[in-house]
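Think of it as A, B, C, D, E and F in the order they're written, each chain with its own count starting at 1.
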């Protein structure tokens, strides 16, 4: 009796069912409605971009892992998230070769150079986005009209730009995003349009409602820290309300600030990147507030119309400090953490 | 050019044109000392302090040189004053706090060859700042330098326990982070331009 | 030189010098084995700041080489005269003199170039490479060897600056030394001219060097 | 005083693993047969090993002293069966190391009548005498830690114990021993409480029970003698509420200081089974011979709560309960803190509260360890409010001193909550266990130098 | 005119600073023996602590202060030690070379695993989980913690997952001794050739079930050894190294090769009677 | 034997001071010689560069005079062009008529301070030329303010609308989004370089508001001197 080899491992011998790959996969599902809507609004261009960015990220991840003699890590789904997020932050009609480059940079520079999943101190998708923003400032600020009638039949000309060449001059339409319109022309887009995504903008940032839905799904499944979007939105809300109350002419209302630009997308899907955000609940509050304040500062006083990306990157840069400074009080110790255990 | 507000000077020197991330000044200590939080903040403080001293010195020197009509001696007199000042500070610290001296190690003398300090003196002269403006400029530059250093130190401390590929470890990784930080700081561009 | 131990502070330079007393080696080590930028990671400020084009990099490199050469020579000549306590200050004086000289020379040659390099010519003074070589090598070695060392380090520096400048200019403007390499439809990577691009390019080169080193070990 | 208190206050953090108690919670305690050969290590408790007082070949009767306590931090060992001392030598133990022990051959046809000792009367005995009697009975914490009970009960000079807490939480999944003991041995428990109150001079006594054992709580509250200053408190279900510190916080709202003991906040916590054992043994002056063990898990056919003689080999136990022959994993204790067994020739010891058996197909072992993704789940699980993520990272790089000095490593009591929730399946608890050992080792070598 | 102004101006500036520096130099001077730097530079910078000091610099300080001799540094080359001795004008203080020795021969080809371990790939971690699953409770677990801690590349695992010490590279720093959870390593003078390669405290042939090269405590070596050189203690032979132990007699009749002889090449020679183990593949796992 | 490390470094202060002072004096000598050697050439190059810039912003100019803006709002002719922000250069054509006034201005751009020079013709009340002297605007994007032909077209004739008594500017110059120019005093911006072109508009607006009334007040001075 009992002739099989026993297996031994350390306690606990049971684990909660949720694995890292489950979390990552669910994030992808949560982004699906947003991506779907993006395809509905911007057509083939958006679809191609999503595919290109995801392919670039997954491929880079796979190849780099192979090159460094490790097991391929694409099965954890994190590269897919990066790819999809990157695509969602780019304007529709963005040349595919640039998208591909962004994906390579996001994974290679933003993730793999740091040691892969779990060690990237910045959100890889945002690193890719920031790289593209700096490298191709014109292309990335060229917006296309939503609901173009022929969007499912043909692709925007600039999408298929030959690699390494300049995209053709701006298409017929070059609308301003609501934020740019506000910044440069002081025009306020109605909240209804903003919420439903009836506006030009990046592929995935237009429909605030669907993004929020995805976020709620993740929160409900316990796969996202609800404090991050809540604190960001709260900070933006409070700060911009104060400004708005002080001078309603010069400063837009908090609703406009919430719904415009990439704030929703950033707050729900980018800032919540577990790896690059603080771990402690209090740290998370500080992190979210910092990002929120920075977003408002950059949007209102900065040179650029949008600052969510930069705000999150800066938040990422600060999060190691928050992990060190804002920590829970250990059971049975006084408030100060640094008291040495005797 | 001398009508810039103090606030604008400070923001410009610390965030928009951060000495390390936009002007590449003080990269050597930035790469060297940013490994540990404690050292980084001390170094930041030391640099800011030396910046303040040299900013005031440079302002005085410039006025003097203009008075005697020997502006061509600007560079040499700046650097020699800064170098001596740093050496004095170094001796002082060595005497007063050997632990601090050991912590900052060889980097104290390297403050002398820290481009950020001389760069600050030259820039403030080029921009024609007055005394108060110079001091604020020095404060801003020092704050920016310290900020970059501390951010970097936090990130590097975290990455110390990461499975970073060996070919990337060390300077390469630090430069990559600096690049990304530099990208992130671009968000501050144009702050106050409208 | 009778007591080798007294060289303790810098025995690396000393021992390697002792091992290969030919001055060609002094020259070559700066180019490759002890390349100031890629191996020693010194003098980063000008390396990153002025290398947004190959031409700027070259000019900066040459200016630095000149200063390095002159200061190394002079420091080596005066090495027995200058007391230890004031040596750094004296070296800096010497270096600053030559930098001022170069600065005026460049201004006299071309206003354009002077403008492109900006304050970074003045900042050669605080280039760690120069003071480092003065302190670590020239102050302990003969004039001849110091000159070879300066030339080696200088050209190593030029090489590094050129390498950086070329990559950045090529990607950032599509040209090298102002000559268009890519056809005009080429989409410039603006990031390469920006500060971030400098960091990334240097990181890339260092990465290549590291890769080469580990690869060589494996072979 | 016997009012049923339903309390909602609990400790911070914690986890909710599936309970799996339904298989055995309704099964009454049954006597287990005597194995032909018992294995009795001298270290069944934390502390100094016991010292054998018998020789090879000697015949002993059930309840007879086999080994005396090796010192103050030690307890004696009594013969669980009548038999003959077969051999004194190395015996395998759960830790994977050999230890000194006694092989005892059971007389097959003995009546197994236990010998009586000198009774200790609860009303007359002095505090010291009760403590001595508890040690002499070989009583250790039966909850799993196996710490000598008399040491725990000894209130140090200058400290005062105001509350005696009887730990009937049993937060480990699968285990139902305490549940059954509370239902079936209420009188022993109350007797034990009397001894304990006297030994500790405590003013009151609280029995802490989780809400999933409502019947036990009601039973105890119903039949508690009115002269006992006793409260039964029902707590919300959460792991690891059964840990001393957590239970104190949940019941009294006090926090045991880091590195301190419960007595520092005026409380002493004793497991309910231990209490019952005291109440049963002391009036007869006996020593521990058997204990209640929950044998369960999908690999077992005859699941149940058994009264098993100490020293019964695990193999014998498993064969008797008809464990699946394809057995792949066996744990002594619960799934959260229990120990995996590498050798079936080890005995059931005083500390073993459960035997869990699984076949390979029934174990869901995560095969892939992902890097830490900083999700923070462990932080929100750790009942001690440590940062397991940070500790784990440091442990990976063997920065043990930093873990101990800056991150309160030594406060971790290895409850396993962090590993349980970790989505990346990082073996955090194992890291901490290793780190604690390394830190202790270094501290020792430092003091040695 | 400009020349005069310039020379005077800069001259006076430097003069002023020089005076300041000179004054500071007098007031703030801190003396430090320069020989410490020099000696530290000559040390290998391994900071291994084999010398008994917390690092190379404290050792250098001790050397300069005459509290230690260069021979304490086992990591340096002979030449390096001589140089330091020459520089400080002290004796070399040479000591006999020590190396780390492993007392286990139970590779996966001869020893059996009782249980399959899952968890951190480290001996120290595995040892915490019911001893690590190895059949022999004293034997090497083979996860290579000793290899990982060795700073000198002197250890590697052979094809049977058993660590092998490179005697040339080993500096006897003791890192592996500390790392091994089964305490199988010890630092031994290289002159000790006779070696008991097992730590199993069990006796009798049943130990062979777990490991084919284990010591069965048969005691033949003790019988064959001249005059009390070997005694059996706790079922293991104990060699009294204070006697002359340069004899291969005890290994001749050992049935398992648990006692053997370190050759000049660093190989472990077994007696002719020992069972030849030819299996190269791992033994089957399982439990009895 | 190197005295640096092996003997306790106690050297007489006297020697230190002499050595350093001597080095200093020597260095000063070198520098001053180099300075004087290169001075004429540098001055020449500088002057030429400035002149080139002025000629560019005042088409048809052949000779120039330099004025300094005094704090009391008057202009004063200066001979030596010391580095000073408050200089205006009056340019005259062959006939000696005032062809325009070149004014330097600067202000915060996207990345750093932008320095510009522009020409203003008091007679037509128009800006007649524009050139960026220094900017660190993003290459390929913000630096279009230096090169973009459509943008530079703005400055060929950009009217400054003055109040009737010419004491103040009625409509401040502002930059608008490309293609949205409606008023004469508006600057047609650059697509993708909105911020930089707005910064230029801002700099011009501030500078003209400040200087143009002063110029008109001192117009006789500017013209008169030309005729002498």
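Criterion: a residue touches a chain if its C-beta (ideal position, glycine included) is under 8 Å from a C-beta of that chain, and two chains touch if they have at least 3 such contacts.
Just so you know, these numbers come straight off a predicted model, no measurement behind them.
Counting only chains that touch, the fewest steps needed to get from chain B to chain E is 1.
Listed here as common contacts of chain C and chain D: A, B, E. Using CA-based centroids throughout, the chain positioned farthest away from chain F is D. Each chain gets a centre from the mean of its Cα atoms; for chain A and chain F, those two points are 44 Å apart. In whole angstrom, the spacing between the mean C-alpha positions of chain D and chain F is 85.
Here the spacing of chain D and chain E, counted between their Cα centres, is 40 Å.
Between the CA-based centres of chain C and chain F the separation comes to 34 Å, rounded to the whole angstrom. Residue positions of chain C touching 2 or more other chains, listed in rising order: 5-6, 8-9, 85-86, 89, 93, 96-97, 100, 104, 190-191, 194, 196-197, 200. Shown for chain D are the residues in touch with two or more other chains, namely 339-344, 365, 371, 427, 430, 433. In chain A, the residues that touch at least two other chains are 2-10, 109, 115-116, 118-119, 131, 134, 137, 303-304, 323.
If you draw each protein chain as a dot and join the dots that touch, the picture is not a line, a loop, a star, or fully joined; it has some other shape.
Contacting chain pairs (ordered by label): A-B, A-C, A-D, A-E, A-F, B-C, B-D, B-E, B-F, C-E, C-F, D-E, E-F.
In the complex of the two chains, the chain E residues touching chain A come out as 113-119, 125, 128-130, 133, 285-287. Here chain A touches chain D in the complex through residues 1-16, 18-23, 76, 115-119, 225, 274-281, 284, 323, 327-333, 338, 340-342, going by the rule given at the top. Here chain B touches chain D in the complex through residues 160-161, 163, going by the rule given at the top. On the side of chain E, the complex with chain C involves touching residues 14, 17-18, 21-22, 25, 34, 37-38, 41-42, 87.
The residues of chain F lying in touch with chain C in their complex are 1-6, 9, 11, 15-16, 19-20, 23-24, 27, 30-31, 34-35, 37-38, 41-42, 45-46, 49, 134, 138-141.
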